[in-house]
Amino acid sequence: MNHLAHAIDEIGRTTMFFAALLKTMFRRPSRFGDVVDQTWNVTLQSLPTTAMAGFFVGAIMAVQFTMQMRDFGALGYLGGLATSGTLREVGPLLIAFMLSGKVGAYTSAELGTMRVTEQIDAVRCLGADPLQELIVPRFLGIVISSSLLLGAGLLMSVLGGMTLGHLFAHVSPEEYVRHIPTILTWPSILIGFAKCAVFAVVLATICTYRGYSATGGAKGVGRAVVTTAVSTMMCLVVMDWVTSYLAEAVMTLARGP
Amino acid sequence: MIEYRGLVKRFGDRTVLKGLNLRISEGEIVFVLGTSGTGKSVLLKNTVGLLRPDEGEIWIDGREVSRLSEEEYLGVRRICGMVFQHPALFDSLSVYENVAFGLRRHDRLPEELIRQKVAEALALVHLPGVEERRPAQLSYGMQKRVSLARTLALEPKILLFDEPTTALDPITTTAVNNLIQELSRRLRTTSIVVSHDMICALGIADRIVVLDQGNIVAQGTPREIRGSEVPLVQDFLAEVPA
Amino acid sequence: MKSLRWKETLQQLFFVANGSGFIVVFCVCFAAMVTILEASFHMKMVIQNDSMVPGFAALLILKELGAVVTALLLTSRVGAGIAAEVGLMKVTEQIDALRMLGIEPVRYLVLPRLVACVIGAVLLTLIANMVCLICAMLVSDLMLGYSPAMFLSSMRIFVKFQDLLLAAVKGAFFGAVIPLVACHFGFRCRPGAEGVGSATTQSVVVASILIIVLDFVLSYTFSYL
């Protein structure tokens, strides 16, 4: 029961932190330059890993779908199914997992280090608001760049699927691309990118909160990093389901009874 | 200048400060001594509002500050400079930007004046001309002095030092202690130094306060402390050459 | 065999398996729900009904999702934990102290963690697959109206016993990657809070990327079995 109470406690704290963050963002906007700097940093750091992860996720899905569909002689659908499946579910989730390791862990380590070496206290003593000065620029930077990175990762996954479709299933790239629109509709693409945006917000909130509230020296920084990655992943799977479910509900409504 | 009345601070079920009373007058250099974990740093952090007391009052410059909001506290922090145990310099900024940080946030000054004040502050800590370096390029002792300059740039009336000489070599320790004395006299600031270094406390303090488990067990001028009978003070004095 | 240090290995195994069990089960349950929803969505598009969803989804879970999701979770929990722990030992000179006592730190620290992680990852992968399938079964019963009996008989057509074994093999490979990468970065940790932070971060990133690449290589290889 203690664990459950603790978990609920943490969820509450994170939500309150998120609220404080939003309030600061609108009441006392951060400097535009800081946000741009952060966005640029995060994007540059993580682009290669994200692109690589995206490519391989696409490749894996193409291999799996090929194996399942070969028996039915339905390889023509490969391009559509693999792309749609990757874009709507597996892609965003796995790439976001990657980013929670890369961006999330990095940010919480950085902020945690600033916290335990008293830099955050120093900011307050020198008359600035650490939320406005440090947290909001990072939060916005991560939200913007993670959305972009996830998008880039998804594009790479299409490329990965196409490559493996050619090498493994002997579906030529033209054939592969030609069949994408038969399965992949605009709503699906929208859902994929909506997921990316939601994941980006979850990721940014949790890692800034964990780093900001770190305590206890080098050990505390290590602990902050571990809890960031784990709690981010747990939130991601939940949000993955929530967005899929909501999207399904909205689609049903749109189609009419 | 500063007065603590019945200050109580708890962390969970551990009470760190147990109803502390202390009065510090203007221009005094007060050393707060005690073993690790007796609430010395907590006292300083309560003074600048990084932590808030659970009970009691803190009076600074004739104003009760412990219940002020974060916004109102900015005025207190303006006159109350804190030098942290770590250098706590911002790694991503140059030395110049680090020292100018507080000036930019507290007052809207023209760049020319900021440049002048930064140069003055760095000269005070005997580090002229390091403006364009990065914190990582400086030795630990130099980082500590830059951190002091960052606080001095705001021309505070009160200076709080959190273990200023911990993790420094003996020679730098002496240099930093001399600096504290020199600056306090020259700038006429009130200083509170948290430390466990009895030798330098005896050398430069106007008054020494010894804390044990959240209570004051002894206080007085260096001469009075030397004659104290309190066991903890005796232990501290044991390391001092006669 | 003496160098393996059984007690330490068992303690590590407890940390890996028991400590991560809940998180893995929790995450995998949600992944299963989404998989079923999405599989049904795609099936309806291609063949106008979703009768083959149970089989397809089960196959996808067994072959990919169970192992990869488990491994990525272990990377951030166990891998980051090991990197932080070893990094801290390096920073506080405990590793030098071991050397002074005539103990080879690599064998002393890495081997128990490696053995524990491989065993732990295989066990967790199997558990994750099981939980994931049960969860998928429940979801298809509740949301799509396929009874567990229909789910199981559809699964029997698609899934071979071999698939379960291959999932375990994947788990073993991933389980080996995690402690090796984590220890590598832990041993090279630079001093201070910053060093520990960056060692932890790097180990998570490198291990996750390696897992995704390795997963691709293994899936590709297994497809010829």
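Letters A, B and C name the chains as they come in the text, with residue numbers starting at 1 for each one.
In the analysis below, a contact is a pair of C-beta atoms (placed from the backbone, for glycine too) under 8 Å apart; a residue touches a chain by one contact, two chains touch by 3 or more.
A quick note: this is a predicted structure, and the numbers were derived from the prediction, not measured.
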Chain pair with the greatest number of C-beta contact pairs: A-C
Closest chain to global C-alpha mean, per-chain Cα centroids: A
Farthest chain (mean CA position) relative to chain A: B
Centroid spacing, where centroids are CA-atom means, of chain B and chain C in whole angstrom: 50
Euclidean distance of C-alpha centroids - chain A vs chain C, Å: 19
Whole-Å gap separating chain A and chain B, where each centre is the average of the chain's CA atoms: 43
Contacts with 2+ other chains: residues of chain A: 117
Touching residues (chain side chain B, partner chain A) in the complex: 45, 48-50, 70, 74, 77-78, 81-82, 84-90, 101-102, 105-106, 147, 150-151, 154
Chain C - residues contacting chain A, complex: 23, 26-27, 30-31, 33-35, 37-38, 41-42, 45-46, 56, 59-60, 63-65, 68-69, 72-73, 75-77, 80-81, 83-85, 87-88, 91, 158, 192-198, 200-201, 204-205, 207-209, 212-213, 215-216, 219-220, 223
Residues of chain A that touch chain C when the two form their complex: 49, 52-53, 56-57, 59-61, 63-64, 66-68, 74, 77, 80-81, 84-85, 88-90, 93-94, 97-98, 100-102, 105-106, 109-110, 112-113, 116-117, 168, 183, 217-223, 225-226, 229-230, 233-234, 237-238, 240-241, 244-245, 248
In the complex, chain A residues that touch chain B: 117-119, 121-129
